[in-house]
Amino acid sequence: MKKTLILTTALAGFAVSATAEELTVMSWGGAYTKSQVEGYHKPFAEKTGVKVVSVDADNPATPIKAQVEAGNVTIDVASVEFADAIRLCDEGLVVEIDHASLPAAPDGTPATEDFLPGTLTDCLVSTDVFSTVFAYDTEAVGDTAPDSIADFFDLEAYPGKRGMRKTAKVNLEMALMADGVPAAEVYGLLETDEGVDRAFAKLDAIKDQIVWWEAGAQPPQLLADGEVSLSTAYNGRIFNAVIGESQPFDIVWDGQVYEFEGWVIPKGAPNLENALEFVKYSTSTEPLARAAEWISYGPPRQSSGSLVGIYQGDGTTEMGPHLPTTAANLTNALASNFEFWADRETELNERFNAWLAN
Amino acid sequence: MSDAATAPELLTTADGRPLKSALAHAQARNKRRAFYLVLPLLLFVVITFLIPIGQLLTKSVYNTGFYSWKDRDAGVSIPLMVELREWFDETPADAEPDEAAFAALVAGLVHARETKSIGQIGTRINYEVSGSRSMFTKSARKAKDLVPPYKEALLEVDEDWGDPELWGAMRNASKVVTLDFYLSALDRTRNADGDIVKVDEERAVYVLLFKRTLVMSALITFLTFLLGFPVAHLLATLPLRHSNLLMIFVLLPFWTSLLVRTTSWIVLLQSQGVVNDIWVSLGLISDESRLQMIYNQTGTIIAMTHILLPFMVLPLYSVMRPIDPSYVRAARSLGATSWTAFRRIYMPQTIPGIGAGGLLVFILAVGYYITPALVGGSTGQLISNLIAFHMQNSLNWSLAAALASLLLFAVLLLYWLYDRLIGIDNLKLG
Amino acid sequence: MALPTYATPLERVWYYTYRTLCAAIFLFLIAPILIVIPLSFNAEPYFTFTEKMLSFDPTGYSTRWYDLLLTFGMGKPDAVRDAAWWSDVWQNAAWVNAAKNSVIIGFFSTLLATFLGTLAALGLSRPEMPFRRVIMAILISPMIVPIIITATGLFFFYSATGLANTYLGIIMAHATLGIPFVIITVTATLVGFDKTLNQAAASLGANPTTTFFKITMPLILPGVISGALFAFVTSFDEVVVVLFVAAHDQQTIPRQMWNGIREQISPAILSVATILVIVSIALLTTVELLRRRSERLRGISPG
C-alpha cells in the first residue's frame, strides 16, 4: 500500500513537472489545427523554446467554459468563434487582452489599425475568417449540380442523406435563406417566434435525411465514405479535401454564413505569460499569412493579405478564389450576427435539442 | 449477562475467565478482525465513489446562479441581486412587483453588468423561463442609463419584464436550495401561480428519453434472452469438452474491448459497410437503396444486444448446467410431447437464471452511454447521453445532476431487487 | 444431447433447425470481432472488402495502417528508420503515447484494486463479518451504477479537490471500477476454500502470517490473478471517466479510439482493434488456464 502510494504520488508529481515549459493550445482539430501548427506553433516553439501542445475539441468554447467554472483550467489558449468569445468575455471567463500590446505591422502601422474593423474585441484577437457552406459529392448528385442554398433543402431534385452540424447556429439561418428570406432580413426574422418556427419547419422537411456531425473533420469524411451526398461544412475543410486529397467535392457559396474566429485565454490559464506571448506572436503579420497558406481562411490583418501565397499542401493553388470573403463568393452571403448568437444561443440550442429528440 | 455472572456453577476457561464472556470476547475480536480487513477498501470506496456521488446529489438541489458570483481575478465570492432578494424576503409569494422591486432589479442588473455576472444570472433564470437569458443580457447593457420610474423604464426595454412567470422564477432562484431542477428533469415547470405544470410540447424531452431508455432496455433484454436461451441450453447440454470449446464464442466478446465491438458494428452496418455490400452483391437490395442500419435506434439495439448477450448467457448457463436431464426424460416417458416436457419441466427450472440474466442486462442497458453515443445518431440516444450532453455541451450541471440522480434511483431500485431475488454473492464472471 | 432414437420426424427437423439457429447466434457473437482483422490489412482507406481483397490479390492487402500507428504524431515520420526514428516514435507517436498512458494507469489501478480487493474479500468471506450484505452491496456498486453517473460525480469531486487532470485521480477512479471484479473472483475462490487446511497449519505450530502465505495465498492466487486481469481490462477499456476527469493531453488508447471513431474511422482504428482482440484472446486464455488450475488445486474435478 505504502509503496503504491509513493509510486503514484511520484507519478502525479512527474505529470505536473513535465508541463512546466509547455503551452496547451486548444483548437478544432483536423486541417484547421494543422494550419495553426504549421503557421504558429512550430515557429513559436523554435523562437521561444516553449513546447506547444495542441489538443482538439468539437468546439473549444465549451470545454474552456466548463474548466473555468469548475476551477480546474488546463488550457492556456483556445480558438473560439466570435460570438462565443463575446459571450465568454461578458461572463468574465476569459482574460482581457490589451490591444496596444499586439505587434505592429512591418510598415509600422499599429495593430489596432492593421486589423480589419471589428476583428479585435476586449478578449478576442482574431486569427481568421471562416465560413459555413454546403458542399456536395460531384459523383453523387447527378447531372445538374446544386447551385443555391434552396437546393440543399430540395429532396426531390437532390435525394439522399445530408450532413448538418448538430447545433442551432447557422442551420437556422440557412433554413430561412433557403426558404427565400434575403440575407439582410434573416436575423430580424429570427428575433421573432414566427421566424424561429419557420426555420424549424424548413428543417423539419429534411429531418429524416440528416446525418448530424459535431467535429469539423467529420463532413469531408462523411462525403468521402458516401454516407451523405451533400453536407454543410467549414469551407477550409472542403478546400483541403478537394485540393489536398483530390476528392470529387464542390462548394456552393450561395447562402454561406461567415464569421471571424480567434484566440481567447481562459481565466486561470496555468501559463498566462506564455499564453499572452503566443497570442501576440501568432497574430502578427507573418504567422497569420503562413497559416492562411495551409487552409482557405482569410487573415484578419490588412498587412497579411498580400503576403498569403500559394497553398502549401500542393504548392500550386492560389488561395485567393477559395477565401470566403472573395467578391465572387459573397453574392448571397450572410455575416453571422454575433450579438444575436451571444444572447440567444443557449435558448435556441435548447429548442433545437428538444426538436432533435422528438 | 448479570445472571451468568452470579450463577454459582460457572464454566470458566483455563485462566479463570467465564467461558461465556471469553467466547463473546473472542467473537467480538473475530468480528473486528474481519471488519479491519474490509475497512481500507471501504474507506477507499467511500472517498472515490460514495462522496463524489453524494456531491452529485447535492449539486442537483443546490445552485447559486442567482445568488453569488465567483470573481476569478480576486478569488472572492460576490453576492448578487442583494436588493431584489431582500424584496423577495420581505414580500409574500404572490406580491405584485412594485416600483421598489423594479428599482432593486435595475440595481442588480447594473451590478451584474459591472461584475460580468449577468451571463450567469440570465442562464439561471433561462433554465426556468426559456428565452429570458437574452432579456437579461440586453437589459443589463442598458440598465445603467435607465431613470426612475424604473418600472416603466424596464418595461420600455422589454415588455416581458412584467411577466409574472418571470418574477416567480426569480423568486424561486433567489433561494440556493431548490427542487426546480427535478421539475425540469421531468418536463415540468412552475406557472405564474406557482403551480407545477407541463412544459411546452416542443421543449419536452426528458420524460420521452426516460421512457425510450426503459423501452429500449426492455427490448434489448428480451432480445438477449431470445438469443441467449438457445445458446445457453446448447452449452449446458453438450458434453463438457465440446461446451468448453464453444464457450469461447461467448467469452471472447466478453473480454474484448467495448470500443472494438462498437467499431466492428459501425464497419458492418454503415451504408457502405460489409452487410450492405453483401446484400447489394446478392442482389437483395439495389445500390441506391442501401439500408440505414446505424446512427439510429436500430444501430443502438443491434450493437447493445451483441455487447450484453454474454451477460445473459453466463447466468443462464450456470443455472442450466446442473439441471438433471432425467426429469425431462421422465416426463417424456409419461407421455409428454417434447414441447410439453420442455415447457412444463425444463423451463420452470431455468427461471432463476432468466431472472438473474434479465435483471443484470436490464440494469446495464439502462445506464449505457458509449455505444448509443457512437452508433445511436439522434434517435438512438439514451438518458445517459443526455446527462453527458448537459455536462459537456450545455453546461447545465444542476440539471445533469438531477437527471443523473433520477437514473441512479432507478438503477439502485433494480440493484436492490437483484440482491433480494438473486443475491449479489451469486454474481459470477466467466 | 444426441438425438434420441425415438425422436419423431418433426423432432428431427427441429433438432437440426435448433443447431443451425445456435450456429447463427454463435456467428452473431463472434463475427463482429473477427471481421476487423482482415479489414485492418486493407490497402485502401475503406472499411469494407475491396474486389482485390476478395480475390486474394496480395496488392489488395498492406500493413500501412499498422505503420500509421507508429508514424502518426511523429516529428519526422519520413526519416530513415534508424535508432533516432524509433526514439522519435517512442517520444512522439500519438498511439504509442496513448499506449504508455494506458499501461501505466492500468498497472497502478490494478495493483491498488487487487491489494485492497483481496484484503476485503478475505474479510468478507469470514462468517463473523458484520454488516456483510450491506458492505458487499456497496463494494460491488461501482460495477452497477451507470458509468456516466460515476464520471459526473468524480468530475465535481475532483474539480473541488484538485485531483482533476492528474494521473492519481484517474488511477483511483479506475481502481474503484476494478474492485468489484476482484471481490467477485476472490470471494468465489474462497467459497470453495477448505478451512480445515488453515486449522491444520495452525495446529502444526504455524502463526497466522505463515499460514496465510504458505496455505491460503497459494490456493486463492488463481482467483486473485483472474481478478487482477479483470481489473486491468476494466481500466484498459475505460473511456468515460477519462473523458470527464483527465486533461486533454492525457490520452489513453480507448480515448484515442473514441476520438477516431467519432471523427473518422480510418482503418488505423481497425488495426488498433485487431491488436486489442489479440490481447483479449491472450487474456481469456490466461484466465481459463488459471480457472482450471484453481479447480485442480482445490480438488474440484472439472464438472
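Every chain is named by a letter (A, B and C) in the order it is written, and numbering of its residues begins at 1.
The rule is short, and it goes like this: a contact is a pair of C-beta atoms (placed from the backbone, for glycine too) under 8 Å apart; a residue touches a chain by one contact, two chains touch by 3 or more.
None of the values given here were measured: they were computed from a predicted structure.
K.L.:
Between which chains do we find the greatest number of C-beta pairs in contact?
P.N.:
B-C
K.L.:
Specify the chain most distant from subunit B by Cα centroid.
P.N.:
For subunit B, the chain whose C-alpha mean is farthest off is A.
K.L.:
Hey, how far is the Cα centre of subunit B from the one of subunit C, in Å?
P.N.:
Spacing between the chain centres: roughly 24 Å.
K.L.:
Any idea how many Å lie between the Cα centroids of subunit A and subunit C?
P.N.:
38
K.L.:
Counting only Cα atoms for the centres, state how far subunit A is from subunit B in Å.
P.N.:
Each chain's C-alpha centroid was found; their separation is 33 Å.
K.L.:
Going by the touch rule set out above, which residues of subunit C reach two or more other chains?
P.N.:
Answer for subunit C, listing residues that touch two or more other chains: 46-47, 112, 116, 155-156, 158, 160, 262.
K.L.:
Would you pick out the residues of subunit B that each touch at least 2 other chains?
P.N.:
Touching at least two other chains: 40, 270, 272, 391.
K.L.:
Touching two or more other chains, which residues of subunit A qualify?
P.N.:
1, 63, 225
K.L.:
With touch defined as at the start, can you tell me which subunit B residues reach subunit C in the complex?
P.N.:
27, 30-31, 33-38, 40-42, 44-45, 47-56, 59, 227, 230-231, 234, 237-238, 240, 246, 248-253, 255-268, 270, 272-274, 277, 306, 309-310, 321, 325, 338, 363, 366-370, 374, 384, 387-388, 391, 397, 400-401, 404, 407-408, 411-412, 415, 419, 424-425, 427-430
K.L.:
Which positions of subunit C touch subunit A when the two form their complex?
P.N.:
Going through subunit C, the ones touching subunit A are 46-47, 104, 108, 111-112, 115-116, 155-156, 158-160, 162, 164-168, 171, 247-250, 259, 262-264.
K.L.:
Note which residues of subunit A are touching subunit B in the complex, please.
P.N.:
1, 62-63, 65-66, 68-69, 87, 89-93, 166, 211-212, 225-227, 267-268, 342-344, 346-347, 349-351, 353-358
K.L.:
Across the complex, what residues on subunit A touch subunit C?
P.N.:
By the definition above, subunit A touches subunit C via 1, 4, 7-9, 11-12, 15-16, 24, 26, 29-30, 53, 55-57, 63, 70-72, 74-75, 214-215, 217-218, 221, 225.
K.L.:
Touching subunit B in the complex: which residues of subunit C?
P.N.:
1, 11, 14, 18-19, 21-22, 25-26, 28-30, 32-33, 35-36, 39, 46-49, 112, 116-117, 119-120, 122-124, 126, 128-130, 133, 135-142, 144-150, 152-158, 160, 172-173, 175-176, 179, 181, 184-185, 187-188, 226, 230, 233, 236-237, 239-240, 244, 254, 257-258, 261-262, 265, 269-270, 273, 276-277, 280-281, 283-284, 287-288, 291, 302-303
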